[in-house]
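Heads up, the thing below is written out as structure tokens.
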């Protein structure tokens, strides 16, 4: 039995059930998932500035999961807030959905595109934050573009059609103009769109949360976790919050 | 139920049972493994010249697996013979143990070392062949060294002690001199040595066959396979064997 | 006197005379060329899957050439099938037309484009196979694009005009849109088009077969061949065909 | 008159005076420096885990500096905690001492070495954290090594001799073994050692705090700050601390 | 008091006053600038061929500046003629305006565009010469495009409006099409246009001469100069001019 | 008949005959060589500072060669002085011995070492100048080390034994410690040592002058020269010498 804690690093519990529903269909029979949100931080992570509000609570939630006997942890936001710090602090495997999706994208083709949601004003930060991670994880040479739906989230409420149409447009341009052979859906998505991408465009589409689930389960089963020669344990000391 | 065909791309069946035993302990409950060797090729793959004898039979065995209803295929040699051709020909996911182990090594640290077996005379080809794959898969920047036991296989018959001692020596040098934070065991290894590496050196050790098993199971569960915009189906034509 | 064996790695002899005619005008006075095709493989090499059918016969033909006293070998297909294996097995210099043309392109400018023939359906594999070689030979940073005529070969029978027009279109776009300063004609081409490219677009155009001829003649005259610290001789062993 | 806020991102004010004294000798006549520490965080930043305790207070202190009319901000720790987030939030130029020192090192030679303090147990995290920044700032190809004194800070109390001797040893090895042509002193150092490095080893030594001072003054004088197409302003929203 | 010699490496003194005026507003209070042109060379540096006419006089002028007690030298042309040679010969810091502007561009964003002046026929050499420097200084990965106004200089005499309009067009395309987040004005420009770029496009624009001034002043204040392990002094010998 | 001008870019004619003798044995039957030195410059090129004295005369000699009906030009010094400028100015192919030797080294293996002559004091400049060229030509990733004999030239007069012994030592270390599979002899060498390297160390050794001869002959025969989209002709203008 593998017990995995899934941390949605925002201060609202409203996505927890949907998150669980989205990934549960992909878990192995003897995996058990517990999805939680955090107490301090923001309602959404739209810039690095938001991340520093969320990182401490995220890492502390991960620490608690290890103490509570969980076998692995998933940080469920594409920007992987607090991932490096948690890798230092924890002995059990911990993976971010951004990190995991880049690894699976790399295994399926040579050139992937990341497609994000959010309004046009967020785009510069989305591109930079995606490349920050691509550089840290070493996949910069495999990412041919970062694209965005560039429509305010508010406009999408109850309007899944528009979102899906825009997503298909960007995915098609990624394939035809940028030469992408894999699509990474860089945010939470409705079920089923990855099949449409695969069918209509002939390229696999990665759902980051599912990628992280498979990466985490795999590491648990292999008995492996982040290297302590790369992510050494933090020394004991007073830390003032 | 996921049915996975494991192809040991050599012309002897003598390693099949040991291979199955080695990886079976890591499979998910509803995975079923079938391990086979090939009819034409060589007894071991020690150079690219050997690979071209083995590739066609390997790919044809993979094709047969797909026709027979298998859900995924693993090519069980670190040099991944025929992997690109099989990715073109097959619709189901296929992974090589070299490819899979580099992906998991990448997920656990920043700098891995590949340790191979075989005599010193094989070393130049081992290094080049490892880098050929590192370049193709895009992990050259994460590999800090390729090392070898540099003892003839024949001397190791019934002498597991010497092999293990030499392996620990090379792994220690990889960590201390090359700065490796993950070890990839670039060949078939006895069980248990990866635990000794982990305990004594503080770095995770990847068993390639296990890495491939988890990668293949993950892809099957995710409903994903190699991108057909990267590995398009071969056209119909006459091919003379 | 330098005797060079040119291997056209397809199972038809129909291109041998044309191949000889195309490159003979560029040979040095005391070079002697022998152009042959192979017995087993395919009629054309359109994917990696085709290559694994052709590699063994190609390498064995190269081995025979060395035994027969040839001084050098050329593998006459842009994908260089079996080149690495042959470099291991042979002592005499052996070069592929893809490999040689990238080296000469590198010497004439900073950014080259490879233009291939074949229908649009082949394009994904053409791009990937070109990049596979660019990575292995270390010229990825110098290639700004891989382009294709994207017309079925069948439509070109007796229609050299269309082919030439399409080629000029792609070459022009390579220069004007991609910034290419050298064009590599990534397949067998009619004589003369390279002059038109040079005159109309102001960039040199490399004919791969000619590049390989000059590379092979040069190595023979220099008394050099592939490094045996990179391509060591294969060990003696039984190999089952 | 340029007013620069220097933030020492630790929860003790004991280094503030020494910091001011160290860099003040390098300021331009009409620069005014204000050195402060932070309220929440840790006493020293020895791992990424420590950084997430310090980032929020650091960025909030930077925000206050902009509100208070400062013209520029320096984050005075080699790991540049909160730098990206602060670059988003602020309009005035803000620089980290790690970031600035890499830029000046790049301008003076081709290959620099970073030398850190701290015990051997910190070394894996020091190396990784240095490379995290090198990747983010784009200087990975110019850093030939990260070295450490590998002596506990406690042993250095009142023992500047040992520290200086060890530093000179590491600097010498950096030059002679790693080929470094510039030394970056990756932590707070006593005055004068950079002159000894320059005189005895013939390479410039960068004091990060001084580098940041000159970078910050330069940007203020040029009327420039971080690009808002790279570091866009965070959207307004509730953030729970 | 810092005395800086600014060498405009052309054989006309007509730009000296304008150059001084352009950068003087950015100098520190106790900096003193002396702007000179050279005796032998060309009236403008439009290709590498022009550079070899100008390099010797440029370096000799720099040598004279050191003998005359100057504290630093700036070579005031974006192609930095003679910079490497002068770095070898001099002990005092010397910087080129191309080199300095790339370093500041790197500090303000992730992706810069260089915009040059001159007619379309110069464009191939401008691109290549910019990349030559980007490679030598190690900023190739941060430059997303080199653009040119592509209008003959002669047409711009007394027509600053056209030049500014074309510049704004290219800057806008750099940002919107190439994703640039910083603009480097790769030639001498009228005052004020950098503010328009900043205001209308939201990206900082670097004036190379100003960047070099701040880099040079900073190095002088830090007591640093080019590494002599990278740029060793030339040996004494006869040199025939 | 191919007429090639070989320019030895030093102000002494004493090496001309030896140079001709060294490479003549490698020329094709209908190649004619003319070896000349230059009128202005230095007696040897030991730093970039020396190069700027030699470049103009070198390029002007190349221009004269084209006017005199030569078919190709070789610049016979490993630092390739004036090569870029000459590529702009000339229509006929021109190659430097450094450039050509890197291309042939690339064709024979994956990792080459450059071995230079000269005293230890020259070493920093030798390394930097070699890397300057490696970056410009795009072979930085294939060069594993630059080594030097580190003995004053004066000590070698009449002492070929010592030079050869030191060269073999460095070549052996290049292979065994740096993993080199090809040796580039980065300066003028006595005949025969390349055979000893090949025989004793099993790696090919490139003689740069011979490499340039074969590259130049090849380009002439192919009817190709440097791309004018990369090296455009300099505009007409007054140039003051």
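Should a chain be cited, it is by its letter among A, B, C, D, E and F, assigned in written order, with residues numbered from 1 in that chain.
As a working rule, a contact is a pair of C-beta atoms (placed from the backbone, for glycine too) under 8 Å apart; a residue touches a chain by one contact, two chains touch by 3 or more.
Everything quoted here is computed from the prediction, not taken from an experiment.
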Set of chains whose contacts include both chain F and chain D: B, E
Most distant chain from chain E by Cα centroid: B
B-F or A-D, whichever has more C-beta pairs in contact: A-D
Inter-chain centre distance, chain B versus chain C - centres from mean C-alpha coordinates, in Å: 31
Where chain C and chain E are represented by their mean Cα positions, the distance between them in whole Å: 43
Rounded Å distance, chain B centre to chain E centre (Cα mean): 52
Per-residue overlap in chain C, given as positions that touch at least 2 other chains: 110, 124, 128, 181, 228-231
Every chain pair in contact, whichever chains are involved: A-B, A-C, A-D, A-E, B-C, B-D, B-F, C-E, C-F, D-E, D-F, E-F
In the complex with chain D, residue positions of chain E that touch it: 26, 28-30, 95, 99-100, 103-104, 106-111, 137-139, 141-142, 175, 180-182, 195, 201-204, 206-207, 210-211, 214-215, 217-219, 221-231
Residue ranges of chain F in contact with chain E within the complex: 11, 39-44, 46-53, 55-56, 59, 82, 84-85, 88-89, 121-122, 124-125, 128, 132, 135-136, 228-232, 234-235, 237-241
In the complex with chain B, residue positions of chain F that touch it: 110, 179, 181
Chain B-touching residues of chain D, taken from the complex the two chains share: 124, 127-128, 131
